[in-house]
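First chain A sits with chain B, and in the next complex the same chain sits with chain C.
Now for the complex of A and B:
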């Protein structure tokens, strides 16, 4: 019994200490972010690496999610004879929810893991220590460019996901099933509010991008410098950032779309 | 460094296992000093203290008249620019070529034009005999070579203090001899103070000026190589001759062997 209580206390203290450590790292990251922007080439190289290489998985997933939305949406809407609203349904689902959320989950798996593993392995190979000893801050030189590259890439990827998804919905709904072309687009145009829907979706994707990339960067920097430690850190990145995205999504949705 | 004591703290701030207790050491400019001792005796920690990567609980560490742990962040970084450190396995940046690795400190700390950087890098690479390998990636070169590249990187800014963490570990006899001579000649050419952390007794006794012996976080012996060779201290004798028995035991404390195997009841 006593061991249980002690274990609980230890777990709690460690969790609080880790949270404090993460907060400190976040502040340091912001302080050292000057490097990421003063030497834009470092960040652009990371945007290329993190963003560009995630494109294929994002675009293909977006297309399939769009296909499924078109199919399921049509099946449900035609029961009420309102299959013309298919375009609106596809667009709203994507822009408000699926675009930011699914992109963030895929982004955590594709880019978050590679950021964590890279930083963790750099730590294990004493590369970060070596950098420190050369009077170069690894937080400014390694962490900050990756953090901002991820934060910049994520909204762009989410936008592409939504755009491709709408196209997927169009292919299934209009081209294959035969929903009226004009109704599909005009309902979408009338029903989707630029600020309320698209704007809030963009805010979501920015928040998710910051959260996922920070978790990835933190887990890599905090990892035990051993093969097992890096593999655990990579797993933690996926688990924590997926949970963070879903929890943040609920909070943001409640703040943005609750009427009254 | 004077009276330095150190223990790695844990995440929650409680002090952990003691690594160093009351260590006094001095290294002069132009001198090559070896720091010897068994694994886990705190040798690498001393280098980390000198570089200001960890702070002592007691005592002070001074480099070139500056107390390392009272410096502000920027001043510490300025001091580190005048230090070079060779890590145990080189710690080359694996995403950059050999050339870019050596150019890294120059690009970070100077505004030299590209041509000057190129000349400097080629000079440093030539000093370690790897000018021809400039275009290779760290994964394409051997362990001994990457250590030499790391050495070129460590001396890129002409440091006044060079620290070597186990520069001889895992090298073949030829690379070992070359590396030892390089360390000696680089220190002399730069007029720098050099510290080698090693347990390669024979090789280092040939090149160093002074030796500190470290055991369980304390300095147990010191002297010139000749004094060390002639030393009658059991610990030093065991280390120099490499005998398995003596004050340092090969076996980790364990119950009786025969009893452990169940041969005696």
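Now for the complex of A and C:
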């Protein structure tokens, strides 16, 4: 019993200490961000690795999510005789929710894991310590470029996801099912506000990008320098960044769209 | 060389991302149709605005000529005060009337303007005097029910005077009018299936 209570307290203290450590690392990361922009090549190489290589999975997923939205939306809407609103349904659900959220989840799986594993292995191979020996800050040289590359790539990927998804909804709704072309677009344009909907979707994806990439960088930097430790850190990245994205999504949606 | 290639691909990636945002804002959103270059404000007061929202379109003859810029409440007259931002290109006479209409059966609500005959135009800060409120479905149904109930009462009131005969007379009249309508029915009958088959082919073509 005593061991249980002790374990509980220990776990809690650990969790709070980890949060504090994460905050300290975040501030250090911001302070060392100058390196990421002074040596832009490092960041650009990371954008290439994180962004460009995620493009295929994002675009293909976006297309299929658009297809499915078109089919499901049509099935429901035609019951009420308002299948013209299909464009509105597809665009709003993509721009407001599915675009940022699904992209962030895929991004955590595709890019977050590789960031964590790379940094974790660097730590296990004592490369980070070697950098410190050479008076090179590993936070500025390794962490900051990855962090900013992820934060820049994520909104761009989310926007592409939404755009491709709208196209997918168009293909299924208009080309295959035969919803009226003009009504599809005009309903969409009437209902989707560029600032309220598109802008807030972009803000969401920026926040998700920052959160997912920071969690990935942090877990890699914080991992135990063993093969097992790195694999655990990679798993933790996916689990905590997915949960963080969903929780943040709820908070952001409540802030942005609650006013009637 | 390898570096340059990376730069190129990253550049393409960034361009594609911004293009996607632009497409969403322009093609899916209303960035193009939202901003009128110059507007003038007109105020209209309604007893009930129903589900009218800020930025709902203001249409005249079906063309969007402005947007609702704000909705307020006047606690002196207990009316809704709706401010319309009208496109400066379109002028309207002073005695223009405004109605709250619904696009489609369940669509969003908008304001319809009908021009009057006055030679003076509405100016910035002008007021639209003649307005017609939104139709609230519940009110409509209750009116209908009340009028039905009133009819029922009238019938009930008439029944004691006319006795059972009035009811019989009604049904008799129904019976009497039936033959002419029956006579018309054969003529109508071929027409109806033709219309139906038309509708059927129309549906198939869709």
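The working rule: the second predicted complex is superposed on the first by the 259 of 260 C-alpha atoms of A that agree within 3 Å, B and C clash if a C-alpha of one lies under 4 Å from a C-alpha of the other, contacts with A are read in each partner's own complex, and residues count from 1 in each chain.
Everything below uses one rule, namely that a contact is a pair of C-beta atoms (placed from the backbone, for glycine too) under 8 Å apart; a residue touches a chain by one contact, two chains touch by 3 or more.
Quick caveat: nothing in here was measured; it's all calculated off a predicted structure.
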Query: If you stack the two complexes on chain A, which partner ends up touching A:238: first (chain B), second (chain C), both, or neither?
result: neither
Message: Looking at A:86 after the superposition, I want to know if it touches chain B, chain C, both of them or none. Which is it: first, second, both, neither?
response: neither
Message: By residue count, which of the two partners contacts chain A more extensively, chain B or chain C?
response: C
Task: Name the contact category of A:111: first (chain B only), second (chain C only), both, or neither.
output: neither
- prompt: chain A residues touched by both chain B and chain C?
  reply: none
Interfacial residue positions of chain A with respect to chain C in the complex: 41, 44-45, 47-48, 51-52, 55, 80, 82, 91, 95, 152-153, 155-157, 159-160, 162-164, 166, 178, 185, 188-194, 197-198, 201-202
- request: Flag every residue of chain A that touches chain B in the complex, lowest number first.
  value: 13-14, 17-18, 21, 121-122, 125-127, 129-137, 141
Query: Contact residues on chain C for chain A in the complex?
result: 3, 6-7, 9-10, 13-14, 16-21, 23-34, 55, 57, 104, 106, 108, 206
Complex contacts: residues of chain B adjacent to chain A: 11-12, 51, 53, 77-78, 80-81, 83, 85, 87-89, 91-94, 104-105, 108-109, 150, 153
